[in-house]
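Presented sequentially are two complexes of chain A, the first with chain B as partner and the second with chain C.
And then the complex of A and B:
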């Protein structure tokens, strides 16, 4: 009941936020929050659900942004079609990177994902005829029929959060499904999962594609919203940012990834007055959060809310009680 | 049913198993005893497809399964109960059983088939019946062992591989687990039982192999091995 109430409250907040926060700058911050949240949720599929530590997710985010930008700017493709194409591109890129990466273990896996992302960044940097290289690619603001001038940010806001809500609903449903439990089984003990018949490689392979596609979708919204993208979008900085969002919020929980994105997009704005010191202060907060709340800032709170009530506990016997 | 012939397995440069030959017939209970580090777990993992042997063959129902994926081996009717009652500790008992049914799933989970299988094995595990929704990591050691065996049975195996099922259990719980194995064997299931508790393993098995430093050095009727002075001296403390 509490979960449903919280979900409905969140939906209500999402629905009315653009009417309450009318400042255009802060509306843009909310859209960036939504885009980062989709990116973080995409990474959480691999990192949190499967325990696969991809260090190259910027390739999917940036790849999606570039495909969307090129299609819209160079070929005049509509925003909707460009979103679909960018998602498919990043999903295929995910499958391609998964093939070599999943044959590696531990640090070699991490290096392979990082290396693959660097290859994508170098390709984007070195084909200026298509991507404009380090000059950056301008991406036109899409036209939304019937939307008056000046309200594009609100449209981006609702598109972004509709995708985020849909992704979260699907993932939550997936998380409690038998297939979702196989993901958790792989995360907990890969060899044991394999020994009971869980197709470990196949699941990881598909997860890479889905995660890459969703990250690419986030990038595809980002490109026309920001208006200009550069190869920096494919740098390890963005991959690290995604991982930090997931870790700080609490991996494998979905809500943790969203909270991490909130920290990176909205909370950093509170320190804007500190100018150059902003990121130093924020980094300090992250370090403290990771040291004292290694399972994520929100996880202890959520576990407290989810603790069994007296009624729920009646039918169960814990180890201590049994002894 | 299961024939392991001249098996050799290396961990990098270390020879974990040098020359192991074991046969388990249909419906037979066979024990594999040996000291710590003799290579018992390594043998089971290679049968399950988790380790690739350096040499030798593993035939299951006539098919050479060396290099086959674990799923194929499960499909041929083998299931492993790993050492240390390894459960997916964050999942409930029922969810562990679902994962044990994993090889059956496609995009759609066969819920009716799963529930039918749970109902079928339910009678073996009265202690865990009321704990189905409990997080498996909070169960006692004996209950965890029962869940580990139940999870292996979810794939409806013909042969069960058990790795040290009595390890760390109280004597009463150990007897309960061994009684369960006798019951399963009595109903026609083949069992390959790896145990450090040689006396208990030899008492309930029909045949046994002794593994010493990666080599099967002795084999024969379990009761005969119980009386063998070499076994008595090395593994029974007599």
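And then the complex of A and C:
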């Protein structure tokens, strides 16, 4: 009951927020929050569910942003189609990076993903004919039929949060599905999972594609919303940003990632007077969080809400129940 | 004429390569002994350069006084960082140290951007003259980088081979647990190792900063290069890092000279990924890397 009422309350808050917060600047902050939240949730699929620590997710976020930007600006493709294309592109990029990266373990995996993202950044920087290089690519504001001038932010808001809510619903179902359980099994003990027949490589491979695609979708919304993108979007800073949100909020909880994105985009707005200090403050918070709360700020709460209750057999069966 | 261009690129590559060797040698020492991956390593190179700049521009010190002072200041910062953020995590999941050093790199980078701005700095050293050998041009600073770098790398080799703390470091790298049993204070070794590794990066910063545009972003670039180098040289192998570092500098300079300078940064990445896929223990590695 508590869970359902919390979910309904959250949906209600999301639905009415643009009517309550009418200040255009804060509406923009909310959209950015939603985009970062999608990015963080995408990363959490790998980090939290699978225990695969990608250090190069900026490649997918930035890659999606560039594909969307180039299609809309240079080829005049519609926003909707560009979103789909960017998502597919990032998913394919995910598969491509997964092929070398998944053969590595631990730090080698981290370094490989980091370097793959650097290769993508180098390519984007060095083909100015297509991407405008370091000058940055301007992206047009999409036209939404039937939407009066000045309400584009609200449309972006609802698109972003619809995707976020959908992703949360799917992942919440996925988490307790047999396939979701095998994700957790791989995270907890890869050898053991393989020994009981979980196709470890294949699952990781597909998860990389899904996570990359979702991150690319976040980037694809980001590009026309911000209006200008530069190769900085592919730099390790953005990969780190995603990780910071997931780690501060809590691995594998979905909501932890969203909370991390909230911290990053909305809470740090209070330091707006010192915009340059934002990354310093946030990386400082991250350092402290890793040392003192390595499981994330929100993890205890999410675990409390997800505890298996008598009525709900969807939760993990405890040893006592099984006996 | 062709030969002159080749020699010129070779000298340029050797200069940068010595810088890579110093930075990567420190990174290899930290990884080999402490088993942690220091994603903030290049940032210490970068703050070494900035410390030098401020010591000269603000305190008005000459290069030879400002250089050692900058290295000491960076080592002091590194020591604090190690005690406050890395030591508490030595027993935890290795992922935590990975993340903490990643966060540290951002922290240092953005702090420098706020303090110094993101525009470049120029540092004037006493070695401004140019030596010409036929058609090959060599600035005195580049010569100083090569000689100074080689001297320090030589000193490092002697230090690791003959001093008690050097022997303790090698023992810890060989087997941390056995080293503890033999009465080696591995925590002390860790602190020393981190300081030494950071010190090597700072020395490289002090040497290289005058011949390169000093911007905050140079730190991240050196971190990535140093990673490519230590993977190439076999993770944790200091001699491997030195050879591979010099080699990377040469290959980059030749790529810039004969192919395209825009793509020279890609050399490190392509080499790294290829080596990881085909010979994951590195060119000089012993095995067991995965």
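In this text, the second predicted complex is superposed on the first by the 288 of 323 C-alpha atoms of A that agree within 3 Å, B and C clash if a C-alpha of one lies under 4 Å from a C-alpha of the other, contacts with A are read in each partner's own complex, and residues count from 1 in each chain.
Quick note on the criterion: contacts are C-beta pairs under 8 Å (C-beta built on N, C-alpha and C of every residue); 3 or more make two chains touch, one makes a residue touch a chain.
All figures in this text were calculated on a predicted structure; none of them were measured in a lab.
On the A-aligned overlay, A:206 touches which partner chain: chain B = first, chain C = second, or both, or neither?
Neither partner.
What is the contact status of A:244 with respect to chain B (first) and chain C (second): first, second, both, or neither?
Only chain C; A:244 stays clear of chain B.
Look at A:95 in the shared chain and tell me whether it touches chain B only, chain C only, both, or neither; answer first, second, both or neither.
neither
Which partner does A:286 contact after superposing on A: first (chain B), second (chain C), both, neither?
After superposition on chain A, A:286 lies in contact with chain C alone.
Classify the contacts of A:174 with the two partner chains as first (chain B alone), second (chain C alone), both, or neither.
In the superposition, A:174 touches no partner, neither chain B nor chain C.
By the touch definition at the top of the document, which applies to A:118: first (chain B), second (chain C), both, or neither?
After superposing on A, A:118 lies in contact with chain C but is clear of chain B.
Between chain B and chain C, point out the one touching more chain A residues.
If we count touched residues of chain A for both partners, the winner is C.
I'd like to know which partner A:108 touches here: chain B for first, chain C for second, both or neither.
second
Please name which positions on chain B make contact with chain A in the complex.
45, 48-50, 69-71, 74, 79-80, 82, 86, 88-91, 95, 98-103, 105, 107, 109, 114, 130-131, 133-134, 138-140, 143, 151-152, 154-155
Residue numbers of chain A touching chain B in their complex, please.
177-179, 181-182, 184-185, 188-189, 191-199, 315-319, 322-323
Which stretch or stretches of chain A touch chain C in the complex?
Against chain C, the touching part of chain A is residues 53, 55, 100, 103-108, 110-112, 114-116, 118-119, 122, 125-126, 235-237, 240, 243-244, 247, 276-277, 279-280, 283-284, 286-287, 290-291, 294.
Where on chain C does chain A make contact in their complex?
Chain C reaches chain A through residues 37, 85, 88-89, 92-96, 98-100, 102-107, 110-111, 113-114, 220, 224, 227-228, 231, 262-263, 265-266, 269-270, 272-273, 276-277, 280, 289-290.
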